[in-house]
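Presented sequentially are two complexes of subunit A, the first with subunit B as partner and the second with subunit C.
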Partner chain A sequence: MDEPLLRIEDLAIFIDGPDGGRQAIVADMALTLAAGETLGIVGESGSGKSLLSLAVMGLLPAAVHATGRILLEGRNLLAMGDDALCSVRGRRIGMIFQEPLTALNPAMTVGDQIAEGMVIQQGLSWRAARQEAIVLLDRVRMPDAARLSKTYPHALSGGQRQRVGIAIALAMKPALMIADEPTTALDVTVQAEVLDILDDLRRDAGMALILVSHDLGVIARMCARTLVLYAGRRMEEGATRDVLTKPLNPYTRGLLRAVPRRQPEGGRLQTIPGTVPSFAARPAGCCFSDRCPDRIDACHADEPPWTRATPGRGVRCIRAHGERAP
Partner chain B sequence: MTGLILQRILSLVLTLLAVSAVIFLVMDVLPGDPAAIMLGTSATPETLEALRRELGLDQPLVLRYLAWLGGVATGDLGTSYTYGVPVAGLIAERLAVTLPLAVFAILLSVGIALPLGVVSAARRNGPVDYAAGLLSQMFIAVPGFWVGLLLVLVFSVSLGWVPSGGFPGWQAGLAPALGALVLPAIALALPQAGVLTRVTRSAVIEVMNEDFVRTARAKGLPRRQAQWRHAVPNALVPVVTILGLQFTFLIAGAVLVENVFNLPGLGRLALQALSQRDIIVMQDVVLFFAALVIVMNFVVDLSYLALDPRLRTRA
Partner chain C sequence: MIETPLLDIRDLSRDYAGGGPFTGRHVTRALDAVSMTVQRGTIHGIVGESGCGKSTLARLVMALDRPTSGRVLFEGEDLFALPARALKRRRRDFQMVFQDPFGSLDPRQTVGRIVAEPLHVLDGKPGRAECRDRVAAMLEAVGLSADHAARYPHAFSGGQRQRIAIARALITEPKLVVADEAVSALDLSVQAQVLNLLMDLRDRRGVTILFITHNLAVVDAVADRVGVMYRGRLVESGPAQAVFARPLHPYTRLLAEAEPDVTRFGRPDRAPLTVSTAIDLDVGCSFRNRCPLAVARCSTERPDLRVLRDGADMPDRQTACHRAEVLLETETAG
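Then we have the complex of A and B:
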């Protein structure tokens, strides 16, 4: 059988507690991604989506640990040492970060920041790598790329900085691109253009994309498949169209209702009551049970298992199959 | 940017002017009549008066100050009361010892502190970090001149590797001259290195948590390269600030250390001039020290522009 590009199995992410104990932030995580495929990961702040992407990069903070398997082209990244991971980062997996302001080194020209990986990882000369950086800046539609490659990040706008971030991630032609909230910090008008650039480049290079966002609109535009996370758990997965039009999990329905849209007679924007529980104060049973409008007593009993309705469609909810919400 | 530099040069001149006035006033109220010390106790009031007139000491304070200032401005630093030679030549001769000593000490302290601070930051709370912490506390706590004496005891008296003091002069060749400066430079550098190590460590630790270091790691840079190429350059501003402040202590330390090692430097010249009430030499040397410190601060400010491109466009 064909090995998928990325396969995550039984992934759990723990944080060291102050008293020496460990607390699970993410549990029972699994996903597969074929080459060239696009997957959107959606969830509120605190759902564990950023930690998941850092775990794939092997860049979790010191107090955070991951168990399970993250297989990239069949090799388990969690079993690799840092030296081996260095040849994966950048070359096989590129990452775009949320804050274009802080993600770039203020004391290095943007051209050198793009060229650096090619010099250190691929052994290009600085001269050749800087030329390549200008080509990359051109590809992310940076005007006057040759001149701007010699400037420092503070001289660029937010949208331009994020294009530099994309060029850095793209420099070594990775097979997988992970974008963690790439447009959240940008103005709305700039968001659309940055997404457009990202989508074009991904198609040209045949890259797979994992796009992490809290914004369902962004995911709907960019990704063929969607995975919904809540409090470190998979809640629902499927083709984006199915998840958005026929959600199986009450949490997904809540998210969809909370998307602002033009209302016919000026109704109020709906929200999901309450907030994501901290990983220490998770309710018994289903992690969404204390906020769920459709809960029944059985929801508080056990954590619902992950079930597959049809191939490629999964859900974690005891009420998803059979009885509908009353 | 040129506007900023010109502005800084102007304030540099004004500061020096103020400093010169303070120096002149302090020297004037210093007890002890230079003429009396030069002529000894047997001098008659007439000869004393004649010498005072010759030295210009009978003039009003303001006139004497302006005469001195005018001389300094035109490069004439006056003539030493005790040596009878132009002070400018005297300072130049002594500077040939003190300046290499200071540069040597700075290089040593940066050469020790930067790697030690960066490694401490990388292995935070590990054995290397604790050892480095202990070492730098020791460097800070122990006075430089005492370290000097200890070094003499070990490396000259017991081992006989380097001379215990004195300076053969640069005409004796590079190796003997540098050899004579090794121990004094170490004695000067260690306390500075202690402070600088702590500052480097905390600055690098802070920058290591910045997002752009993670971006560098995401490009596949090994931890050490991400640290040296991205964290360290961004941690240098506080390090250079402290280095500039330490320069003052370096000069003060040079006065002590030159005396411990019997080096014919500016510090010793200042001390000798003080004990002999060679006021003109005192004034010139102290003004020279002040100018050095002020110029050093100017250099530190300029280095910020080199280290942080954000300041360049704002300036």
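Then we have the complex of A and C:
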């Protein structure tokens, strides 16, 4: 049987409470990703999408613990020691962060920041690594790469900094790239360019991509499959086109309706009443039951299980299947 | 007789001096001869990318900064010709909502104090009981409850904080609210609530809103009129619906095409235009190096805002493009 590139099983992420207790921020998380595949993870703040990507990278903060299994090429990352993890991180998994300015070292030239990983991980000489850095900058379509590799981050624009961030992650030729809101801080025209660069690299290098974003439009443009998260739970998963055109979960439907667009006759936008609950204040039963327009009494009773509607399509909602019946 | 517009901006420019002791002085023109009017009771959108001068415009309209040249007329009164005391009195009529709902509220003050603070600058400052009543009424008007006044900002979510910021801006019953990226930091499900609130305030209280954002979809959803800015200049203006349905400037079209859309799957066929060459911004059109329609005239003659030659069926629309007629033809052909 083919082992997928990444398989997450029963992942839960806990935070230590002040009274010694533990609270689950993320629970019952699972996903698989094959080589070269693209998965979009959608969620609002507090959905656990960033924690999930940090858990895969082994970068969870100290107060947070993960249980379950994160298998990369068959090896459980959660059971690995720091040294073993270090060689996976960077070499097999690359990460692109949201803030291109804070993610870069202001006191080091961008060329050296790209070269650093290759020197440490691959044993290249600095001279060779710096040459390679210029090639990488060229691949992320940085104009005048040789000159710009000797500049510091402050001299670059936001789009250029994000290209440097991509080049750093790319230097190790990772099998899996995790991009956490990579274009949120960028202008739309620059965003389009950066997304195209990511897409080209994925195609050329056969890299798998997890794109974390709150922007459904970005997900529609980039990802074949989509996973919708809310309050640390999977709500819905499937082919992006299916999820965004035929959503099964009321939360996904609500999100799609709330996308700003002109309403006829100066009408009002549709909203989801209320706000995303903090992880300490989740409602009983389904985590969306306090805001859901389709809720029934049973929604408050138990957390609904994750169900497979069709192959490749999953949903967490007791109303999802009832509604589809004629 | 034509009614005086609430806000009349005339030839407004702002230069910032840059450079240090080693690089030589140079001047950046953040805002370049922008003229526009904002009518009462409308939401007037300003869109553009970072560095286009939209926040500089907001600061000048709020009289937080002085222009290099040009005037801002508020109800026909030049804000920068007013004596300091008169300007201070005038400030109750225009208020601002900032982007960051976390950074713009003092964490050590109760919501009641935060919202009441603008009242303290008023002449004939209302008494304590009246202050409390007005704060309570205002909190309810923005969808919070009166007993929230005793709590501190940390107890509120991002959307609720932005409501507090809006309540603070509205407490002096201003005629104009400048909202600079006021919903950009909010989650999708909460963003729509705040946008609806802004439309309600316009319809029920007649508040005029200058709504500044980089997000086209948001402007399209709420704005009555829109101005598109590029590199310090206003390049297109008109009714929001018409501008986005049929752009008259290639930059507006570029923005609209680059905007991700939940109904467009996969990568668009057309590659986005990249900036190829540096250009001399002092002459000609500043968009010419990214423009697919640029001709020789664009690099010698600066396009001014104008009405189209056959613009009879396009009321109130203006574009700063020599090639707008060609743009319209290519659009109908393609």
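Methods note: the second predicted complex is superposed on the first by the 317 of 326 C-alpha atoms of A that agree within 3 Å, B and C clash if a C-alpha of one lies under 4 Å from a C-alpha of the other, contacts with A are read in each partner's own complex, and residues count from 1 in each chain.
By our rule, contacts are C-beta pairs under 8 Å (C-beta built on N, C-alpha and C of every residue); 3 or more make two chains touch, one makes a residue touch a chain.
Keep in mind that this is a model prediction, so the values were computed, not measured.
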Should A:R141 be classified as contacting the first partner (subunit B), the second (subunit C), both, or neither? second
Considering only touches as defined above, state whether A:A103 meets subunit B (first), subunit C (second), both or neither. first
Subunit B versus subunit C as contact partner of A:F14, first or second or both or neither: neither
Touch check for A:D196: first (subunit B), second (subunit C), both, or neither? second
Of the partners subunit B and subunit C, which touch A:F288 in the superposed model: first, second, both, neither? neither
Subunit B versus subunit C as contact partner of A:T240, first or second or both or neither: second
Of the two partners subunit B and subunit C, which one touches more residues belonging to subunit A? C
For A:E44, select first, second, both or neither according to whether it touches subunit B, subunit C, the two together, or no partner. second
Counting only touches as set out at the top, which of subunit B and subunit C does A:A258 meet: first, second, both, neither? second
Can you list the subunit C residues touching subunit A in their complex? 49-50, 157-160, 187-193, 195-196, 199-200, 203, 214-218, 220-222, 240-241, 244, 254-255, 258-268, 271-274
Could you please specify the touching residues of subunit B with respect to subunit A in the complex? 210-212, 214-223, 225, 229-230, 233-234, 307-310, 313
Which positions of subunit A touch subunit B when the two form their complex? 57, 59, 82-83, 86-91, 94-95, 97, 99, 102-108, 113, 116-117, 120-121, 152, 154-155, 165, 168-169, 171-172
Which residues of subunit A touch subunit C once you look at their complex with the stated criterion? 44-45, 141, 158, 187-193, 195-196, 199, 214-218, 220-222, 240-241, 244, 254-256, 258-263, 266, 268-273, 275-276, 291
